[in-house]
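Two complexes are shown next, each including chain A; its partner changes from chain B in the first to chain C in the second.
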Partner chain A sequence: MKIFNFFIKKIFLRRVVIAVSILLLILLSNYLIFISSRSVVSTMQGYEEIKQLNQKNSYIANLDPESDIAVDRITKDNTQRLYDHLKEEAVRYGILAEGFVIDMPNSQDMEITCSYLNKEYYDMNKQFAISQGEELDFGYDVDDSPVIPVWVGKGLSESYPLGTVTEVYEPVLQRNVTLKVQGILEPNIAHSNMYSLSSKQYYNFSVIVPVNEGFIRNADIDFQLQSLFDIILIDTTKDKVDEFAATIQDELGAKFNFCTQEENFEYFDDIFFSSMKIILVITVVLLVILSGIAVWSSLSSVRMMIKEFTINLFVGMQYSKLRKILYGYHGLLFLVNLLILLGITAHSRHGNWVRKDSYFCTFGFCGLISMDWIALLAVLVFDIILGAILVELMMWRIKKVPISLGVLQ
Partner chain B sequence: MSSTNNYHFAVIMMGGPAGRVVKKGINMGDLMKKSLFRNIDRFELIFCYVLCFAFSIAFDYSRRINIGSDYLRSFLEQFYEHQGAITMLFSLVIVVFHCRMIQSRKTEVRCRILVGDTIRAVTARYFCECLVMSGGAFAAALITALAVRTSVLHIVCLFGIMVLYILISSGMVRRFENI
Partner chain C sequence: MTKIIDLDVKEKVYKSKKATMSVLNDFKLEVNSGETIAVVGKSGAGKTSLLNILGLLDRNYRGSYQLFGSKTNEYGLDKLAEWRNQKIGFVLQESALIASLTIEDNIRLPLMYAGPEKNAMAAELDGIAGKIGIKHILNKKPLECSGGEKARAVFARAVILQPPLILCDEPTASLDGENKENILSLLSRMNEEYNTTVITVTHDMEVADRHQRKIRLQREM
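Let's turn to the complex of A and B:
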């Protein structure tokens, strides 16, 4: 330990500019690995979620990119007729509508949004898990029953604990209703964007509202229209789907595509694998450059410190001891880098809390969530490999210089 | 301004005896002959400059073009947030080069002083040569940036940082006078 301290203080830190420069250059490659690993993990999570929704004989809607929709010309009668059509044809459908702001004061002073889902969607998507409370109840009658049972995110559990009953203005029904907290979501429950699998929004400050037929009938046009954009038709036939698409064309004047399970898998596989390919290519190219720079910088530092190294070898230090010291020194560099990375990530996560960006606020140690820790683990593995390469190359360089020549320098 | 004039200007800036320089008639040939740089050093330094500029242009270019994939855009946006810091960190490779270069030429500088050279002239030559190399890389980067229609602001800032590194490293050369 004494020799290690001596090497750190008197040799490595004597050239502090070099030490800091190498530290920061390695930090750059670590940051790249971190971002790439996190994107990969997030994309895989998104892909898993899509796989749950994409079932046999199910059709997921999406607005044709070539088709425009004139929202101002559409009335509630138009949208309601579409839901009536589904009812007449006995077609089951899953819907999720998000982003409706509700006025619910809370201890964190966050903007609270409601996410509405029906039973079919809830049954398909296994993302929603609760830490306390009961299953969602979709059987209430919005006309008769004054109370709507809801789930709330973990961030709201302090202001609205389990069993809380509160009267609020419901943005979709556009009237005052009573909400009863029936369950608290587990921390960091998220939903991935279907068309950008790595993008997520977290439900820590959301209210999950179960919707049924009566609710949809009473809801405003914005809700009815938004629900249609990603509607999933379940256990149905191609004929019925085509008929529904034609009805949409008549009522809304817009063309909707309904893709089969195979088409969806093809599409999402294409997105998934092309995304992975893009990340891989960018990461490998930059990593080769940055690792090359790190190796070059380390060899440069050996050239500058060769005198000190050879003097110590001259007075009896073994190569194995020197190797251990170099490993220790690089271990220290990587530890500092990991801590800096952790600090940057924690700062970035904390920024969402400061900006009151409720969709991105997360819970965990320093706000870090599972994908951050997995990415940090990937960085650690990369550092171990890079550290081994750097130390062995440095040892090779040191051994190449005869001790007598090195001392004379 | 030609390279020779650049050199004279640099000597004046360093407080050197411009008259003496003119009298001795040091030109580009002397600059190369008495340079602290070997060919491999020049190659390494120019490579570092080009790499930094190329990195900055690639960054700006990827921002400018319309990336079709949402996924790629959201991936790259995580880097755009810290573009300035990343470019700055990348330029540290130049700092490593300067430190190593100056450290390894310590004895050579002393020997030059022993045979009648002055520390000011050595420093000025070093400063000038670095400036010429970085200036060349900057000019090439500027033309490339204009050709691909990316912002030149980051390149100009990067060049400013490089000049700062050169000035600091030149100051380190001057320190050898007291050794």
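Let's turn to the complex of A and C:
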């Protein structure tokens, strides 16, 4: 340790420019790996979620990009007739509607939103896991029952612990209802955007409301309309889907496309996997360039410090000791970089809390979530490989210089 | 008398793109403990090559070398380093100092690799520095010192661990009369008190005459 400290303080850090340039090069490559890995992990997570929803004989709705929808001309009768049509045709469907703000004071002073999902959607999507409480109950009667059972995110568990009963103004039903906390979601439960798989919103400050036919009937037009945009028609036929699309055209004056499982996978493969490939190729190319510069810098640093190295070897330092010191020094540089990355990520995650951006607030050590840790692990693996390459190249270069010549440089 | 060096060099070859040159052809050297030897000869005769081989800095030659009864050709790089630290003091030219360290840190360098049992040797530094007149520069950096002062600092570093074998490459080349005398006196005192073996490469016949034996190397034709 004494020798290591000596080398750090009196040899390496005396060459500030070299130390800083290597540090910056490593930081740049580490940041590149970090953001690419995180993006890939997030996309893969999103893809896994979509795979659960995109099932055989199911059709996912999507408003045709060429089609306009005149919202102000649509009445609740129009939208309700669409749900009635599905009921008459015995077509099962899954819906998820989000972003409805509800007034629920909480210890973090966050804006709370409700996410509504029906049983079919809940059964397909395995994202919703609870740490406390019971399964969602979709069997309540919104007309008669005074209480709607809900789940709340972990961020609300302090203000609304399991079993809490609270009366609130329900934004979709537009009347006061009583909510009962029936479950607490596990931390960082998220939902990926279906058409931007790497984008996520977190349910830590959300209320998950189970929705049934009665609820939909009593809900306002905004809810009914929003639910249609990503509605999933389950285990049905192409004829029935076409018929429903025609009904939408009649009622809303808008064209909806319903994509099959195959079409959706083709879309994801085209858009996401090709973009992931591009990200990976660019990342690899940049990494090769940055690693090349790092190798060049390291070999230059050997040239500049050869006298220091060889004088130490001359007076009795073993090559194996020097190798350990170089590994230790690079380990230290990588550790500093990892801490900087951790700091940047923690700062970014913490920013969501400061801005009260409830959809993006996450729980974890320094606010970091699994994808951050996986990305940091990827960085660590890269650093170990790069570190080994740099150190071995430096040792090779040092050994090439005879000690008797090196000391007289 | 114990034989501490038994060197048998068949050939030491230097190759460059333009030419190949060999030195120390069929060169044999046996040295007993406590001997002082001066190596003289013209430039290119192989004096420094000999010193590098004796100092375990160069193994790229044909032949064998036994030091303190051990075959050094069989040693790994780490063992050679350990021996350089424990058994050999090498007095090089003045420039062999680390510019970013103080003179004291430069002199202490071998202590760092010597292990805790040699910690007591650190106390020798003041004495040695006093004897060769560098006490006043211990806190200075090499760039702030004269050539002679740096040469003496290199000397102090070589003897700080009181090695049984001291190899000197032109140790007095940049010294004035008084400092030259100080260095030579210290070498003889170490030889007398600790039975230290000294091998010196020099062009200075006055220095060579202060040694018990002289070896003259001839340039290979």
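In this text, the second predicted complex is superposed on the first by the 408 of 409 C-alpha atoms of A that agree within 3 Å, B and C clash if a C-alpha of one lies under 4 Å from a C-alpha of the other, contacts with A are read in each partner's own complex, and residues count from 1 in each chain.
The criterion applied here is as follows: a contact is a pair of C-beta atoms (placed from the backbone, for glycine too) under 8 Å apart; a residue touches a chain by one contact, two chains touch by 3 or more.
Everything numeric here is computed off the predicted structure, so don't read it as measured data.
> Quick check on the superposition: with chain A as the shared anchor, is it clash or fit for chain B versus chain C?
fit
> Just chain B (first), just chain C (second), both, or neither: which does A:Ser198 touch?
Once the two structures are laid over each other on A, A:Ser198 reaches chain B alone.
> Between chain B and chain C, point out the one touching more chain A residues.
B
> Per the contact definition in the header, classify A:Arg14: touching chain B only (first), chain C only (second), both, or neither.
second
> By the touch definition at the top of the document, which applies to A:Phe6: first (chain B), second (chain C), both, or neither?
In the superposed model, A:Phe6 contacts chain C only, not chain B.
> Chain B and chain C, closest CA-CA distance after overlay, in Å?
When the complexes share the chain A frame, the smallest chain B-chain C C-alpha distance is 7 Å.
> Common interface residues of chain A with chain B and chain C?
The answer is that chain A has no such residue.
> Spell out the residues on chain B that touch chain A in their complex, using ranges where they run on.
51, 69-72, 74-75, 78-79, 82, 86, 89-90, 92-93, 95-97, 99-100, 103-104
> State the interface residues of chain C toward chain A in the complex, per the touch definition above.
48, 52, 55, 57-58, 77-78, 81-82, 84-86, 90, 92-93, 95-101, 105, 109-110, 112-114, 157
> Enumerate the contact residues on chain A facing chain B in the complex.
Touching chain B: residues 15, 17-18, 21-22, 24-25, 27-28, 31, 35-36, 39, 43, 193, 195-199, 271, 274-275, 278-279, 282, 289, 293, 296-297, 300-301, 303-304 of chain A.
> Which of the residues in chain A end up touching chain C in this complex?
Result: residues 2-3, 6, 10-11, 14, 307-308, 311-321, 402-404, 407-408 of chain A touch chain C.
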